[in-house]
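Letters A, B and C mark the chains in the order given here, with residues in each chain numbered from 1 onward.
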Amino acid sequence: MKYAAKRILVLLVTMVIVSFLAFAAFEVIGGDPATAILGTQATPERLEALREELGLNRPFLTRYAEWLLGFFTGDLGMSYQYRQPVLELLQSKLSVTLMLSFVSFILIVAVSIPLGLLSSRMVGKRLDGLHTAFNQLCMAVPPFFTGILLSYLFGITLKWFMPGNFPGLGNNFLGSLKYLFFAAISIAIPRIAMTVRMLRSIIVREMNQAYVRTAISRGNDRGQVLRNHVLKNALVPVVTFLAQTMAEIMAGSVVVEQVFGIPGLGRMLVSSVANRDYPVVETLVVILAFWVVLAGTVADLLNQRIDPRLRLGADA
Amino acid sequence: MKKRLFALMLAMSLVSAVLAGCAGGSKTENPGTDNAPTLKELNIGIAQDLDDSLDPHKNVAAGTREIMFNVFEGLMKPTSTGDLIPAVAESYTVSDDHLTYTFKLREGVKFHNGQTVTPDDVLYSYNRCMEDNAEIQVKLPANIDKVYVENGDICFQLTEPSNEFLSYLTVAIIPADYTEQDTKPVGTGPFKFVSHTAQDSVVMERFEEYWGESAKLDKVTFKIIENADNIVLSLQSGAVDLFAHLTTAQTSQLGAGFHVEAGTMNLVQALYLNNAVAPFDDVRVRQALCYAVDREAMIDLAFDGYGYPIGTSIYPAFGKYYDESLVNNYPHDVEKAKALLAEAGYPDGFAMSITVPSNYKPHMDTAEVLVQQLAEVGVTATIQPVEWETWLSDTYVGRQFESTVVGVDAANMTARSLLERFTSTAGNNFVNYNNAEYDTLYAAAQASFDDAEQIALYRQAAANLSENAANVYLQDMADLVAVRDGVEGLNFYPIYVLDLSTLDIAA
Amino acid sequence: MKKRNAYFVAGLILTGFLTAMILLGLFWTPYDPNAMDGAAKFLKPSLQHLMGTDGFGRDIFSRVLKGAGTTYGIAAATVAIGGICGTLIGALTGYFGGIVDDVLMRLGDVLTAFPSILLALVVISILGPGKTINVMIALGLVFIPSFARVTRTAFASLRDVNYIKSARLMGASSGRILWRHMLPNTWDVLLPALTIGFNNAALAEASMSYLCIGVTPPDASLGYMLSEAQGMFVRAPWYAISTGMTLVLMVFGMGLLGEGLQHRHGEVF
């Protein structure tokens, strides 16, 4: 319990700091929602009047305090740009990005774990060098490049999906999933390569440990040792790594969303920064920070389940 | 060995299972084609999200107004030929002294929410645009003394006559007691607004109780495709059937199944110069830049030859105000440009920056060509790309720039909407043009209500801009619209709107 | 161990070749990379234009040379800024520990939770957009925490090693211990981290330029060129492919180099 309380505290503090930093950043960048709203109608007088109207003339700290208070009472404010409650605006975007992250994550796990096991057995074999090189090559492929190639191959040539026509999770769930799958492939390729590589080095290191050698030299089946001992010990760093991957996928999906025209959080982040729509940016930043901290916490909790020794460390 | 094979097969079967699931799923697509063949639906791509208020009196984004044109109407309504016809009004009369306009309301015009338009709604709508409210961006001209209802007619009392008054009555009429215009707009147009999902889509349906000729399409879905690089893809994949404002690089890739219709964008694209900063405060320098730029070559390079060179701040669709001869004021002439620069004290040229809103690809392309052309006369130009928001605050409002490539459009079909900004005291005179003769000409034109005299004065004002090289005028860009074969009835307007009411899908 | 170093050699050859081409591109390109030619739009790859031409008739090969140079330069500068600052911070906090360590590492956690694109965007907005140098600084700052973390772990693990303890007992100053005794022993961790950082920076630059918040025209960078190329894919697929493959090869070469470095002393897999 003490642990849970500590994590929640870390979460809250991180979110407050991050939101403050984002708020402060807007002060430094300059520009405000009034300019974005007025567009080419803007004149100094009109700007001043609109700022007054929207309450943008008040001191920076007052506005931040107001936002923070609203946030803790469940009111995320209104988007200046869309004149819509932020929550309503972001709901569908968040679910799309979450879904894209999940599909990518499942793809990464489903492909990289078998491949990682396979790869750990190839160490020292003839094709090992080529395999490692191929792995490096996959890591070098930027998701947006794969995305461009995939959308032409599967979208235009093979017509397996319709680029530019994301059906929307609410309208056509399976169709949306299919659409997201292609985006997920481009996110997953370099991530799979990284995971395979990580898995392989952990397994090989474990297999070279004295206890494993002893077990095998005593005549135990290699596979059995792998399943019963090695995997269990390897699980802790793997879980940590995967949690980090999960956190990074979400923050990194912005580019792939752009390539595939997926209406997720990424585009919203870029456009609301450009329009200085700070209630939206603040919420987005807090969501992303929450996600990063959450992934870390989940990894910690899982690891403590796997290896009870870690529990002491966390509470101490 | 067996285990290894097993693992490999597992991985492969997983991938192929998911892939197979995908391929199978594609049959369930194409909604609408099987259940109701008579339903006419069209998907139109738009490059800008409707990322401001949808209230017709509050928004200013050209992209929003372009689409919402189909939802709203005023007492008057513009046509594709640039004329004004009565819309919510049935007819109007003007008093002999040109000071009182009386509008007779059309019988039984309905709002999309089912209410009938009353004189009070009209009064509310126009009064709203005269109030002192910073959120209302549409402002009626100051010469309106009062608006009132008399025998069910709407009357406008002016303090001084104006030829342009009717143009302002295209301002949308909205229901008086309705508070959700920002997100769920209600008007009287041929299409009613259904939904807007930010950065995704806008849906409109035909308004069955429209007073005029009914629209032909049942439903229009605007797909918001903000990444310009995805436009061709979305047309080819079948996601959208029509996309306006494309570049030739895009239209040339379309291939079979599409045709391209070309109109004009109706804006004045120019290398706008900050007339208040050196060296652009010297008319010779400005003229030198005009000679240095080869408009035809620029249009050839960046626009595949599509575009209409212009010589002043009036574009061709303005008909009577447009003076074609001004285009020839500055033929491409490197030697003359160099001579003028030398005369102005810059024999070796100078360095300048061109600020460009980076999300507008055509302006970016134009600027890239200009940099090359200016280099030939010794002027070293560097492009400074900025976000649109930064452009607005620093360049447009703050006037902190040397030069910028953008297109300036007209809010309505009055010469005023294009020319007023170059008077020395105008709040939106972002180029700081300051010419006493121009101010006099413009004021005289405004004061005149003899049509012929006013036109002559406006044309003189436009010529003044050209002679003094207020800016390096480039072109009115071509508006290339990709249209899927079978879709017909596209009409171009002299203002920036996309009219859905005449669009149809051939059987 | 000979085979392991095949990675190093292969990486060195690939990276060396690309670096040579990029250096060449600084002084000479077959065509002016920004020169437009209306008569030579969308030409297929040929002997005149090795990678064809784009929609302005510009030679793609020349642009790729320049663009790769920009991407390369930004990645190198990012690694330099992030590496130097990160190593410094990581070394000090790892060695001294204590409250400063706690605070800085927490700050690092917070920065990790901040979307890196937003962070870079903010820095660029502050410094003024459209300048390559500002992209370098922005990315460099964004990369400091990750370098600091790697270095910190390496230094912290050495802190209580016997020979460091004895050096301390013998009265060596902290600076001397850090510089002479610890730093050389962390190269095995730092060098691969630098190559990985280089690759991440190259990809981050490309992503940002792809989103048009990084390097902007007429400066070519591989990311910006790819975003342009995507819009021309139907008519000029060679544009996207040659640009994308250059980026892939660049990162691949550096990745192999890192792989080789990690295997320098044998049993690291």
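Simple rule for what comes next: a contact is a pair of C-beta atoms (placed from the backbone, for glycine too) under 8 Å apart; a residue touches a chain by one contact, two chains touch by 3 or more.
Quantities reported herein were computed from a predicted structural model and do not represent experimental measurements.
Enquirer: Return the chain whose centre of C-alpha atoms lies at maximal distance from the corresponding centre of chain B.
Expert: Comparing chain centres, C lies farthest from chain B.
Enquirer: For the chain pair with the highest number of C-beta contact pairs, give its two chain identifiers.
Expert: Result of the pairwise contact count: A-B comes out on top.
Enquirer: Based only on mean CA positions, could you tell me how far chain A sits from chain C in angstrom?
Expert: The computed centroid separation for chain A versus chain C comes out at 21 Å.
Enquirer: With chain centres taken as the means of their Cα atoms, state the distance from chain B to chain C in Å.
Expert: Each chain reduced to its C-alpha mean, chain B and chain C end up 42 Å apart.
Enquirer: So the centre of each chain is just the mean of its C-alpha atoms; given that, what is the distance between chain A and chain B in Å?
Expert: About 38 Å separates the centre of chain A from that of chain B.
Enquirer: So which bits of chain B are touching at least two other chains?
Expert: As it turns out, chain B has residues touching two or more other chains at 230, 233, 236, 387, 390.
Enquirer: List, in ascending order, every residue of chain A touching at least 2 other chains.
Expert: 30, 152, 156, 258-259
Enquirer: Taking each residue of chain C in turn, which ones touch at least two of the other chains?
Expert: 125, 230, 233-234
Enquirer: Please output the residues of chain A touching chain B within their complex, sorted ascending.
Expert: 30-32, 35-47, 49-50, 52-53, 81-84, 89, 92-93, 107, 110-111, 114-115, 117-118, 121, 151-152, 155-156, 159-166, 168, 172, 174-175, 178, 181-182, 223, 258-259, 261, 263, 267-268, 271, 274-276
Enquirer: Any idea which chain C residues touch chain A in the complex?
Expert: 3, 6-7, 10, 109-110, 112-118, 121-122, 125-126, 199, 203, 206-207, 210-211, 213, 226, 229-230, 233-234, 237, 240-241, 244, 247-252, 255-256, 259, 267-269
Enquirer: Where on chain B is chain A touching in the complex?
Expert: 3-4, 7-8, 10-11, 14-15, 18, 21-23, 25-26, 28-29, 31, 43, 45, 49, 51-55, 60-61, 133-135, 137, 182-183, 197-200, 223-227, 230, 233-240, 387-390, 392-393, 396-397, 408, 427-428
Enquirer: Give every residue of chain C touching chain B within the complex, in rising order.
Expert: Per the touch definition, chain C meets chain B at residues 34-36, 38, 55-57, 125, 129-130, 212, 216-218, 227-228, 230-235.
Enquirer: Over in the complex, which chain A residues touch chain C? Could you list them?
Expert: Contact set of chain A toward chain C: 14, 17-18, 21-22, 25, 28-30, 123, 129, 132-133, 136-137, 139-142, 144-145, 148-149, 152, 156, 200-201, 204-205, 208, 251, 254-255, 258-259, 269-270, 273, 281, 284-285, 288-289, 292-293.
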